[in-house]
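Single-structure report; data block below.
Note that the chains are named A, B, C and D in the order they appear, and that numbering of residues resets to 1 at the start of each chain.
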């Protein structure tokens, strides 16, 4: 197999949907490429990066050696849109909002993986993130958790792809909120994330020596920017304003988010009732797996896949519901969910390109 | 340096207190040896193990190569007590209670690292653990968290050494409970432990491949046996019965416990007030380190040391207190605290043998 | 999605080839299941395990939750063969040889992942492993490295699937041996393996606490049982008897083997000449990736995939060739290669079911 | 215990030797502080860092919380020397050589941890590192492996502290070279290092996600700058010029170096002969531990300590010697050895401040 060309076309085929990835050099961007290369219908036409302009993807990520000729280009939204049916933006918040309106103007389908269009309310965004310069298109964005907003996503051409923590938490609580089983004032979420969530920017806090053998909480006390996004999602299903406590932690592992969620039950509900409720709520979902009463997920059981695994029980001594949900933060928490959204937006099979087993051990 | 004898006596000296370690082949047992070898006053006279009878410690744990001649013996409590001033028992619960009365009868000082004598009430023990066959000596046991029960420990010759989770949690909550700042019905504890807490018995769940890249909750819903011990400790400081929710998790790291503790504040207390309260409560303590407001501990900052690090804040949005405490489960959570207790019981400097910096990275 | 049945048939399809996996409870066995579930043509009809008889696979490996109904059965080779076209045996050496002749007698295609039929010479086997009780079928076995013995494999109905270390080493040296570039007496192989190579049997040496933060050599000095298999493979390409030094090491990672191979060059060959030689030797191979001069593989670039990545250079100061090869020990080093062999034996596309990107990070 | 002052003086005492650490913000620098805080005779008077001027050490490394008031200053060598008896320089190569002559001019004892004064020959330095601007003081430097050059070190006031790889390799081969047992042309060294060797500078290659689950060779083919230092040390004991092959690898662990060393035996020497030879060569050494024939070290057995563990055997099939040596790269490979040198230079007990057990698990 020669370098720089695909002489052994493992992943080629007749692929009809053309994809541009705007800002593709980070972990989320490369994960999009990785998944799309295996997608039966998608063909990547451009990956952009200002910093790595001209660099082959395989030079930055040796995992792609021999599998693709793609190299980063530095191009305007207009130019990228010319040869793409769908645009993924994997840019930092604040940067994404500059490009999104241009892509929308091109008439192409847009999936933004930043936080810029996840909050319905520009005021809330500005309180947590900073100035919003594209609030005029905010109302066009559909929040992209397919299990919860499938129909809207299918009709939309602009999806705000959810954050990793929010995905794990909103999927974990939607059934009990919808069914009015918990005191919405009592919600406490203790989440734990792998290090890839911090991205590939070199920073002392992400170094192997700083993370290995360690475990810590960060942004303690309602400081994390995902807080309003989580509350917006929970409020939707609660039918009332939800304010909760959210504490993220850092796991010495690359991938995975595990959220342990506590809430006081308002009804006399047993663990098996809850299991039944969750199974019904998520009946037929290809990517949500409900655990048997007494079993709980591990991030190693979803690693490398688009699954969201959920287990739940009742602490009878305190009458609290405890829900544990697990996702791969780079897949169901980012790039996999983005592709699931793309499939819905393009009328493809929802699971196309995502029929991938978790990798264990 | 020749094998099997200490030709380069790095750790020798005139040591006066003779120590027997009953059940020394597990991680907690070897950690006792490791720390006591460095202790200026302690001299180990026997380490026992039925299974490894005759085996040099250095064969089981190569880390001791060239540093000690100690080999495991299989001996009765009576025989071990003959040549020991202090006995540490590092046996599983249920087994320890058979030997402890014999050691007590010998008149020697006894520190039991099992759960057998931590609960004041035999009935509670039997509910969570099983039959208690030595309840006649239960009332003699002093619960050994030196920062909280120093005086009693100093006067006692029988200490029940606390569990790892309870140590991290009781130290984390004692100040606010004592000061009546929180609603005792609102306590939720989300703890995370390194794998060494599971011991050295081969089990699928402790294999590298099962733990690495993973993170999970276990014993969810008030199932963990440390629950009554935690509640007993918290109730002591609350001055009333405390029932709480406790969820342990498994960190892919060998050492360390981090407990994230949530409770609703009953008074209008700010983060700086709390910091001041904690500093006053633990003033002069050699092994409790209170973090500045806004800073929180990491298990990697206590690894290899006897410290308990505590940070706290207020989530103003929900009026909840959040406390984060970190210990090395094998040291402050087991063997280090046991030696701290020994020092108090023997009238030595409390920190003797424990003036050890954490190891980072 | 309900438990215990596949209501969301992510991985179903019209699959024609029926597979029995004999001894499926270890890491290699579950990896076969994992890969075959994603295979477009294969349908697993039986997985066996004496110990876990009756247990659903998903109970032993939660990663399969909701994805398969398969449960372990305890059945004779004859019974398993009845409903299978291809049999994979993932049993320990010594055990496999009892079942293989029965499967061969059934006329079905057999792929044995044990060491029992890899050595041509029963005498050599007995020197390294112990009594061989099925030497009468030894000559029927074809050694299954497809890149090197494709034609024979395609014509065979009995393949001895290679060991993980041998695969990485034989693929790494075949080109220079074939081209007569090195002194065959000078070969030194320093290999490093992830922990999954030790299997899922609980053993102290495989515990997280024993492996994490560690790195060691084992079976030093020509002790490892893969030695004769490696030498048999190298001798084949050298056209003469090869004896080499082989030292395996244990990496604190679950998956991956990296072999660093040293040999003295007998001709004046430059690094670029070697790169060219390797590219030509492996031209068109879907699963061998040759690195550009100056670049070398990392096990993280092949994790989760069937690739063998190879980089090489010349140490001009000592006139030595250095080859570095990397595989995922559970895939190209075991189950993936077994499926590649199956594809050849069944006349399927060689890469069927193996078009899987590595997972990074 | 209050922050920012040592109210619980765990590590205080009457300490007479004043220490300045020039360039103390990296892992090696903080390790010096960590060890010296526990040293019975040493008192740190200054730690410098241009970048972190004014920052308390405990802010950069929370592990020091509550244990020291030290903060970084930006000061000239002259100013630091005023209040110091011994100077440690923990600066990058090329930078150290600017400051060393000034410290030497002050008449204080100097231990340089950079590579700048390890090579006797300025020409060799310039070939591998770049311009040498302080070659006038090169001849004053003594190469600081105490086990091999104890006397010279004790008489010197300027020690070039060895590199981590060279320490593990030179200690591993000195006995057989001195005894003329091996063919010096046949030496191949395959070394593996933990990530802390790369320092604390943020770089993509040192990120957790890039290192975890990975293993790779780097600087393959005689490219690593430690090569001439290793060869200089080996040549000294061989009594002739040694050229060898050296390949470093990266272990997914923070601390530790394991070197696997191969050489052809020139005499008929058995494994037990070798063990005896090594034991005699290192008789009475406090920090070298020779393993019994058939046993080999693991980096986890030296982690956190100043030990160098060595095991060796003969591969009878190829008549090769195989030596495996293990050190903690930050201690015996850097800061611990530097303190051992200081002790010798100051006439203190050689092991003072280094009587520290390895930390396992």
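Note that in this section contacts are C-beta pairs under 8 Å (C-beta built on N, C-alpha and C of every residue); 3 or more make two chains touch, one makes a residue touch a chain.
This is a predicted model, so every value here is computed, not measured.
For chain B, the chain whose average C-alpha position is most distant is C. If you compare B-C with A-B, the chain pair joined by more contacting C-beta pairs is A-B. Taking each chain's centre as the mean of its C-alpha atoms, chain B lies 34 Å from chain D. Work out the mean CA point of chain B and of chain C, and you get 45 Å between them.
Centres computed as Cα averages put chain A at a distance of 39 Å from chain B.
Across the assembly, chain B contributes residues 27, 196, 209-210, 212-213, 252-255, 297-298, 300, 303, 361 that each touch 2 or more other chains. Chain D makes touch with chain A in their complex at residues 27, 195-196, 200, 202-204, 206-213, 252-254.
Interface residues of chain C facing chain A in the complex, by the touch rule stated above, are 1-3, 7-8, 10-11, 27, 30, 34-35, 37-38, 61-63, 65-67, 196, 213, 254-255, 279, 282-292, 295, 297-298, 300-301, 303-304, 309, 351, 355-361. For chain C in complex with chain D, the residues that touch the partner chain are 185, 188, 190, 192, 209-210, 212-218, 220-222, 243-245, 247, 249, 251-256, 258, 260, 262, 271, 296-300, 303, 311, 313-318, 320, 322, 324, 361.
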